[in-house]
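You will see subunit A twice below: alongside subunit B first, and alongside subunit C after that.
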Partner chain A sequence: MAKLLDKQRYKCALAAMQTVQAIDRALPILHSGPGCAQKLSDTNGSSGYFSPNIFPCTSINEKDVVFGGVKKLNSTIDNALKVIDADLYVVLTGCIPEIVGDDSGEVVSRFEDADKPVIYAPTAGFKGNNYKGHEQVVDAIVEQYLKKSDKKQKGLINIWADVPYQDLFWLGNLRALEKLVAELGLTPNTIFGYNRGIENINKIPEAEFNLLVSPWVGLSNVKKMERKFGTPYLHYPTLPIGATETSKFLREVGKFAGVDEAKVEAVIKEHEDYYYYLIGRYADLFLENRVINKQFTVVADAQYSLGITKFLVNDLGLIPAKQFVVDDTPKNYRDQITEEFKKLNFGIEAEVSFETDGYKIHSEIKEHDYHGYPLVLGGYYEKEVTESLKGNFLNISWPVQDKVVFDRSYVGYEGGIRLIEDIYTVAVSRFN
Partner chain B sequence: MAYYIAIGSSDGINTDLKFGEVEKFLIYKVEGTDYELYEKREVADADGCAAKCGDKNGCSGSGHGCGGGEEVAAKVTAIEDCRAVVCKKIGFQAQKQFEKRAISVFDIETTITDALDKIAGYYNKIDNNRSLRT
Partner chain C sequence: MAKVTYSGVRESKPGRVNDLGSTGKEVEENFRKGCLKRADRSFAQGLQCQQINSLAALMSLEDAVFISHSPQGCVGCAIMAIDMYRVGQIHRGVRNVKNPRLIVTNLDQKSVVFGGEPKLREAVEKAIDRYSPKLIFVFTSCASGIIGDDVDAICDSLQKDYPDTLLVPIHCEGFKSKICASGFDAAFISINKYILKHQKIEKEEGLINLFAPTTVSYADQKEMERMLKLLGAKVNYIPFYSSLEKIRKIPAAQASTSICKVFADEFMKTLEEDYDIPYSHTVMPIGIRNTDKWYRGIAKVIGKEKEVEEIIAREHERIEPLVKKIRDRLQGKRVFICGGTGRSFAAAALIDDFGMELIGLETPTYDDDAQIDIEYLNGIHKDFVIDIANMQPFEQVNLVNRLKPDAFIGVPEWAAKLGVPTTHVLDGKRPTMGYDGLLFLGNKIADQLENPGFNKKLAAHSKLPYKDSWYEQNPFKYITEGGN
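Showing the complex of A and B:
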């Protein structure tokens, strides 16, 4: 039987238009009904040179359902190429044209000889959510645009992380990852955000290896690149937040890239010294046991749920209650991610539930004994339930309603400090 | 249940008339995926507009608001018992008028059989709650 999904945490695959938008000067062309782009956009930094309100769209209607919409798609692509100055055009299909059987791939192939690259990603909603849609877009770039390169650039590393815009901190996080990798003497290459774009996309096949920092999103992409370009990949499942994980991250990347161990350790030492200087200055705050909650729950996609859980246990010494992964993680990745939740310091293991139904998540939060007030890091949906339990709440995952984030990041040593600041700002304000 | 589809055609083979050009709509009766010509329905004179245009047409300032010109309104009313209308082209005013009456508009130039096969097939699927998936 069909069931209702309460408090959905993701969007349909067509929201991969945000992945395209995150690529500088790349334009999504939507083969969908009117209003899709409007509904799928958030006001979270999505205006600019291109914005969802001006994405070319076939705006298909009943007529196109009955008679097919390929003609309209052809003219929409044709005219987009004429009037919109972009570097890469990515056709995305919504559910309607895929249900009625429009051969969008064939239409796009007519533009092979166009001056600018036009590629196509099937992103019908019934094929999955925007995490999968994101993978489809990267797939389309790898499959249809990029070619194998004989030239390999020593030390060039492609970095892949979670989904732009779905993750409010995407820009800052990517930049922080770049910075960390660069400190090891490597050259990071990312395709999202300011001043990256098509030039960086062109460099993808030349990289020495792909670095994927995500529990599962993008794994199929780096595997594909391994097959097509012969580029090996390093899969680092945990978003490095705070000193413990970031040092581990640097050691692993350094080892994989063959960076001199002494150099890696020197980078780590410099960061850790400052990190623990800051921690030390606030030790009285951390040791004041009435300030922070005894147990915490994270309700987020796999990336933050895992990353933050590790950070709060390993760096702050908090005890995990049940953690929730709400991105509808494909079943074949779940065991591996569950294992990651067991790899915590001090022999602690966190229980994790892959659950998309907000009602069930809230019921479990309400029933759990947090030995005091809970600390909940989650989507805005968790605000009310946390308040009803007099707990501390921080909005870190989609939907984010109570903060504006330009390029802040929770990644790395600095990111860990930022997250501590945010959590303790909430915690100490209850005493004011 | 049977329903009607209005078609603008000059030769009884193609949907080759613009909405404004139609003097006689071919009304087809559709049952499931079967259809037959039911009648030829005369509508307002297509040339009549020339004399009346100017002060009575839609948004041109005569106070008729967006109700469309009288010609359009009369023509729409004449086929308002139909479920859909098929013409080579149908103007914005007329489309809005049809929309208000929940009549589907298909502005497409094709053969009548092609149009009716596809439209009847489509309605047959949605009326029986069947997927449109091909």
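Showing the complex of A and C:
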């Protein structure tokens, strides 16, 4: 696990309460210290049916630390079932119960016969960050709630992507991925966001395959589902942003699903025609050297760092300076992701650093010669360093402060256009 | 009798209650008779923990690095602090706006077994190497507390290696208190122990310490400073947007006062004991009555009772016609209030200026200080329900649904979904306090309540997440005896 965090880029595993929150009518129950829900919440679209202040919490006190908080957890679950109207109750444990040794799993097992399912995910903050916590929640659903299904639904594809709320664009991105998959004549199944929820969770074991669109998050989940349900998976590591990557994505998904090649090419052609119509109308803006410089840096999780790098190089003709992956990617995935950064058009390779220490990242950005003002896409922390270099800054990764995002997306052909709009809106509203 | 050192945990004060459902009249009587009992809730929703308050109290100090000795989630809300700090700098005209320098030691599984000392040492060394700060605050956490890291001893040994940076450990483990304001006390206890060190310094004539929490806007700061300057005082505004130098000046003051009921109240007692600084602890200066009371309080301490009456008379003459205009827009509305200790009581007094009636009050703590306010409120509002709760939206919606107020003041999310017009008295960017703040706030409230359209639409299209049966039950059903 990462060492000290200067300018922290993520939260702890208990922040998987946001993964639960993203499932319609699923309620996190926190067995944790008193402030955890508040500390782990964001204000980015968080005041829906369930919001962090609604989450039941045992708010462990000094007495519970000494004598254990099991009794309080029992009464909290019991009463949550009576007071709060949810379809799925997910108990999440924080640091304290896991240090003092509460057997939370045993308490949860007492609710096996409750009217609604109650499951449990160990998410102590000291054990991992919220990328890992997200995987723990999906694991808990697979292990404790779902059962293998003999029935398989032809063309049904489960889609998994990055972490809700940690990724500001999670809702729009998932909907965009669904749309793309649906255009190939397949039936997408996702569990996060409006009107998905428990019914879609129930369909998971019936899918023909799992489609994972992420460099690493969720890989252990789809592997587990392969073992438990016999569902194969397609791992597509790059978030498809813009025409080059999205067309590649459609071809690969089409091939894996056995979709007729002509059909796939027809879908691609229709999108690319419109995409390049739009690009063509603004080509003068992109061809001008004076609007933005050619070198850029992305400071984000593996998903955006890789996806945006590929897009800016392959579609917009920019040159990558050093890229930073800040999600504490587990070591066993790093080589494979590093290789992906080398697969850029015209033999271009991007150097990538897996770094969680913001001070070092800022030092490297300051020292690099961008041959002019840099373009930096990153977390809100990068605003300060980019301003000091008079560069162009776009806040695309956590923490996010200067944006309101409902269901916008950077995924697909349309997503690529949205990202160009955002970058150039920053550029043209400045005077450098 | 031997002096008992205050631990910083607000529950350690006898007679303080955090879990209670009652009415204004009943609670006043029961408190007087000594009949209020400590309780707990067998079902509850999340709270705010004291570590947040300790961090928030100090986060705007220049020349400081903040080290959270914790796992990676404890500063998950850092963006709120960053935003607040940046807004505060911009309002104060700072050109090169900075982020607060916040480092997390990132306690992991190994630390839980073997202790987190190496991580804390590394964090302090790196902080000094990178930022050469004058101050480093080390905030403890639930995890560091339970695994038993001796943060004081570690800081003490590091202090010898780094004489140019003052190391200040702050004991703010979340599980130790349900009252998040304990975190303010923890911060001040450490400021006294590690920075002021009980050393008396030369007094500065006319200097007043003005203590203010993070949520106070720059506009409010200026209004408070304006009012104190009218009394001929010089103001040391701390600890918000101040510095080590200004903190060191605290003992030079002639008097102290605070803007918030639960901010520096305990610290001001300590300052009187250790440095002979008299203080005034009254109310949050929101609304005419509270502003007058706050103003008279500090004037009395510095011997300006006559002057303050002249100023108050002048200010009243100036603003009363303007307040009347607001009253014409708000008169007669029945109000439910939910807020922190300072603002909830302040709002309850404020609405009287506008002729509104209190029907429900949700506030985190009941103690002898709250009793003074309740006695006053019982005098002006006939009958109101009181819920001693740190948030607990499930109790709140049950009450709001029963009482059907015309307006709700406080965290608006849930009342709004019941279609009740909502407004706020907390605003970290705009005026709320003093005579000028009152006018701004009053007009804002009136504007907000006159068009309930958004809330009505929201209510028509959303459902709160409680079972229908919950609304039929006693809202205080889950308050049980035997809390600690």
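Going forward, the second predicted complex is superposed on the first by the 426 of 432 C-alpha atoms of A that agree within 3 Å, B and C clash if a C-alpha of one lies under 4 Å from a C-alpha of the other, contacts with A are read in each partner's own complex, and residues count from 1 in each chain.
Throughout what follows, contacts are C-beta pairs under 8 Å (C-beta built on N, C-alpha and C of every residue); 3 or more make two chains touch, one makes a residue touch a chain.
Keep in mind it's a predicted model, so treat the numbers as computed, not measured.
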Three-chain arrangement built on subunit A, subunit B and subunit C clash or fit: clash
First (subunit B), second (subunit C), both or neither touched by A:Phe346: neither
First, second, both or neither for A:Phe431, with subunit B first and subunit C second: neither
Which of subunit B and subunit C A:Ile99 touches, first, second, both or neither: both
When both partners are placed on the shared chain, which of subunit B and subunit C touches more of subunit A: C
Touched partner set for A:Gln8, first subunit B, second subunit C, both or neither: second
Partner chain(s) touched by A:Lys63 [first = subunit B, second = subunit C, both, neither]: both
Contacts of A:Asn53 with subunit B and subunit C, given as first, second, both or neither: second
Subunit B and subunit C footprints on subunit A, overlapping residues: 62-63, 65, 99-100
Subunit C partner contacts - residues on subunit A that touch it in the complex: 1-8, 10-15, 27, 30, 33-43, 47, 49-65, 72, 75-76, 79-80, 82-86, 94-96, 99-100, 124-127, 129-130, 359, 380-381, 384, 388, 399-401
Subunit A-facing residues of subunit C, complex: 42-52, 70-80, 82-83, 96-99, 101-109, 111-112, 119, 122-123, 126, 130, 142-143, 146-147, 174-176, 178, 180, 391, 393-394, 411, 413, 462-463, 465-467, 469-470, 478, 484
Subunit A partner contacts - residues on subunit B that touch it in the complex: 104-108, 110, 118-119, 122, 131-134
Residue ranges of subunit A in contact with subunit B within the complex: 62-63, 65-67, 99-101
